[in-house]
Amino acid sequence: MGKFQLTKGTSAYTIYKWAGIVLLLLIVFIAAFAFNDTGKISVLDNDYKIGLTRITKAISFMVAILGLQVVAGFTGQLSLGQGFFFGTGAYMSAYLVADHQWPWFLTLVVVVPACFVMGLLFGIPALKIKGLYLALVTLGLAAIFPSLILLDVLEPYTNGAAGKIVDSDLLPPEWMPLDGISTGLQRIPLVGRYFGDGDLSNKQEQRIWTFFLMAILAAICFKMVSNLVSSRPGRAIRAVRDNETSAAVNGIGLSYHKTMSFGVASALGGVGGMIYVAELGIASQGDFTQLLSILFIVGLVVGGVGTLSGAVIGGLVIAFVPEWASSTQNLPGVPERWLDGPTGGFILGIGLIVLTFVLPGGIISGVRKLKARVVQVLPAPIPLPEAASVET
Amino acid sequence: MDLFLQRIFDGLSNGATYALLAMALVMIFKATTLINFAQGEFAMFGGFIVLVLATEQGIPMWGAVVLGMLISAVLAAVIERTLIRPFDPADHLPLVIITLGLFLAINAIAGIVWRFDPRAFPELFPSGKAFNIAGATLSWYTIFTLITILVVAGGLTLLLNKTKIGLAFRAVSSNLESSELAGIKVGPTLQFGWAIAAAVGTLGVAVFVASPFRQLEPQVMVTGLIFAVSAAALGGLDSLGGAILGGLAIGLVQSIAVPYLGVPTELSLLAAVVVLLLVLLFKPSGLFGTPQVERV
Amino acid sequence: MALLEVNDVEVRFGGIVALSGLTFDIDKGQICGLIGPNGAGKTTMFNVISRIYDPTAGTLRFDGQDLLTTPPHLISKTGIFRTFQNLALWENMSVIENVMAGAHVRSKQNFVTAMLNIGRKGEERRLAGEAFAILSDLGLGDVAFKQCAGLPYGTLKRIELARCLIGKPKLLMLDEPATGLTHSEVGELSKVIEKVRTDYDLTILLVEHHMGLVMGVSDKVVVLDFGRKIAEGLPNEVQENPAVISAYLGAPA
Amino acid sequence: MTSRVLDVKNLHAGYGPIAVLHGLDFHVSEGEIVVILGANGAGKTTTLRAVSGMIERTGSIELRGNSIAATKAPDIVRAGVAHVPQGRGTLPELSVEDNLRVGAYIRNDNEVNADIDQWFEVYPVLGQRRDQRAGSLSGGEQQMLAVARALMSRPSLLLLDEPSLGLAPIIVSELFARFAEINRDLGTTMLVVEQNAQLALGIADRGYVIESGEMFAEGPADQLINDDSIRRAYLGV
């Protein structure tokens, strides 16, 4: 039982909710200015970087994992092919921006429908292929993506093995006083020094601006999926996940809902890819192997299957854990030679196994248990229509 | 024509590896209807054990292979006991997650221990060409890989049909509940399947990298798994004979599709994925598998 | 007037005849019990009406409409809802969400409007209100916001009933609702069945092996054995029917 | 008084949240055929599954005085209880002969082949089909195979779950005659669960009638057969 009980719909709850939102915004805002240069934490002579570029990369993963939540978490279709759509989105955006000078966000007009349609198409086999088999096929799909990019016919668009470089940047508009805000933050006593020193360079301004825009884009995606989940189609896909037969008997079209959720998931994968390439400035086929798809599944499971906040945690985990693992060069008692291998994969693999045993609901389920000790949110009472007879 | 024949020979020798790995997958699928996503990594790891035994411990090559197969079997048995058995076999999701975790972890461990530089593998078979047939070269390597899969298939058949544990394994594969009611302990029986699968997979990788044109490195089976899965699905996931034919067929499709259907080399994997997709869509039980009956 | 007319229905699985020449009908407002020994074909008949199985011969008419031309996922649109023998709730959803999803065919939101939040909130409020009213009516108001997983079996059975009721069924099919219930729960169940028949203006087809329940609530009983109808009539007529007795008790060897 | 092979007291069992048995007491004595009768869903199958360790259960289950209430299924077989499950439970992909070998899995003696030959004499039709897949046999043949397989473990107690289910009446009466024979010739104690009361009581020594997971009536077979309690349990009269 929580120490504090809040009932939805009451003013106390509204305050609680808005406090949460403001806190989140504050974190995003502070992170932008604190980590615009490479922020780092040092532990035992190891430097762990938390630069803004990495956070933006994490955002791109969050959106891709959000897509996986829709198809795997909520609809129960085990897809190991999300990397395919992530890569597709990345390359499409890169091509449109680099070769046709489109603004980054305009590319979504192409990426979203294209990935959506491709997702629908890949959802069609999923109507017949189930469970493990679907996982196999989608893994195969993810595996062929890098070789597709190398195809001669696509070479003019993808630039083959060299990677598609995009040098278009997201620059803040003139009226945006990023510099002023930064200077203001630096003047705050005691904590000011954590916000760097002096004016922001162009590179820094651009990093902050990209981060803000992508965070907003991701927030929109999360809000849309959240709307979906608590609505008629969202309940329908979850019903399909939990029991197909009774879903069908209650008039829920299985084919329609499965393919649509594949479409939505793939479109989100494409959006993630666009964020990724906009931050990185290059799309290269080696980034979009089946390993990426497996990482997305890792993020999904580690964060928490079937939860939106799980996607946030999952994105952070797969963006930072491998990086930090390879930044760990000194650990007492561990030979140095061991630490300069692929320790990230090792930690993710072992972490995945350990979580499956101890916290099958992912990190988020642990967080929720802790939170439930403090705050308990009660549902808003629903008024009964006057005609209904209440039986005791 | 000569080139065509040559491609068939090459396809067969590739296919032999897929066949061995597919047999490994089938051993586990038969009993549990689970696909071990880490099967390729198990095999790669076994390959490194063989390499270490042969090059660093100076054990004769075939001795190293047999010892390596034994060690991987024991490792797999331990993994089955500790990581797989605690979960309900009917609930696939946690098990898939565990095998994906194993995939990442084993791959990383191999990378940490042995690094990613490709290593030459000692010769397993006599080198050079055996015959020239109509202008195509049939190498000893190809001949011996094919002999190997026949020997393995024969060995597995004997093991399953002539031993008590083999009988128990077939019983559990056929009807788990009735097997328990006959006094068979399901856990150790499935463990036997995992051990055999790992041993066969190790042999598969050893044979694969024993080719003079290949080397051993941690990524060697990352796409190999997909070829093997396609092979196993084509043969019918619960048929060992089907796995062999499926493996050879995938090898042939790969080596013939590339030059003759104008599929670029990079896309040979696509051929395997397309086969997998078509099989699952139109004949989910594969060519030789048992059809699954679904009841409401 | 007959609401459901089953005419000469036959179902085969491979070589096995699960149902043959089955004919019966249910009048509007009736509670019809469908009974028979194990393997008699009761659940098969259920699955035929809910269009999970296709009959190999025969016709089905519901409310004047040919059911066999209706695709399975539109069956609930015609007004037929069912419960399942072993419960088929959506375990990872809350109780009220289960019931709200039961109103799928009566609600309107689609992927686009839901994601863009166009008219979503209004529909949510309306469905939640309706669902809560039905749950309260069945005495389930307290558990409305709980997850299904972990609730007592008898409660889950009533939630499944609530999920049917929100769809405004004309025909409600109950598949062995008494399974797993204790004696006192079975007693309550018969009251609930009669109550919803009246309150929600229902016709009910009841497959059940708990004879006390069937004989207590049914207006008429149809008896199957080996896929054939062996008797039809009032509960007490059926109980005395020699064919029924020998189907159940067997003939001496 | 003959010794009790199986003694069950206050047996509770079910599936997950569903409680099916609410405290059953019954026993089977050496050499007896005992039937448990009841309508669909009364809990007959659950009773057998609880005895043979296929499901979680509580209460006291003693096999020749030793408690097996916490023993797992494979070990209960080793203790001498063979269970022929409902729907026969043969191993469809295995040959008829291999099915029998699986039945003898727990044995380490060298009389297995002799026993197999003996069953092929008892059921010549199985002998003719020794190399065919069990799944290709007819329903009646599969039931014979399932019984023979169970007896291959040389059990002291045989549990039979609705052996008549789905079989034509003529095959059923033949099958039951064979059970009586096996009981007489091999001395195998049997606990049979049946819906077909007339048939089962015809070969049984004693019977129990259960309803909704509770004991409804019990007594010697010839007494129960004329008793109205079965009809009440089955048809709710």
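Some observations on this one:
By written order: A, B, C and D. Residues from 1 in each chain.
Everything that follows uses one rule, which is that a residue touches a chain if its C-beta (ideal position, glycine included) is under 8 Å from a C-beta of that chain, and two chains touch if they have at least 3 such contacts.
Remember, it's a predicted structure, so these values are computed and weren't measured experimentally.
Contact count check for C-D and A-C (C-beta pairs in contact): higher for A-C. When chain centres are defined as mean Cα coordinates, D lies farthest from subunit A. One finds 49 Å separating the Cα centroids of subunit B and subunit C. If each chain is reduced to the centroid of its CA atoms, subunit C and subunit D end up 33 Å from each other.
Chain geometry summary: the mean Cα position of subunit A and that of subunit C are 42 Å apart.
One finds 56 Å separating the Cα centroids of subunit A and subunit D.
Each of the following residues of subunit C touches two or more other chains: 52.
Counting partner chains per residue, subunit B has residues 296 touching two or more of them. Along subunit D, no residue makes contact with two or more other chains. On the side of subunit D, the complex with subunit C involves touching residues 14-15, 17-20, 22, 39-42, 162, 164-166, 169, 172-173, 176-177, 194-200, 202-203, 212, 230-231, 234-237.
On subunit B, the positions that touch subunit D within their shared complex are 164, 167-168, 170-171, 173-175, 177-186, 290. Residues of subunit D that touch subunit B in their complex: 52, 54, 73-75, 77-78, 82-83, 85, 89-94, 98, 101-103, 105-106, 149-150, 153. Residues of subunit A touching subunit C in their complex: 224-225, 227-228, 230-236, 238-239, 241-243, 245-254, 260, 264, 306, 378-379, 382-385, 388-392. Those residues of subunit C that touch subunit D in the shared complex are 37-39, 151-153, 156, 176, 178-180, 182-183, 186, 209-212, 214-215, 239, 244-245, 248-253.
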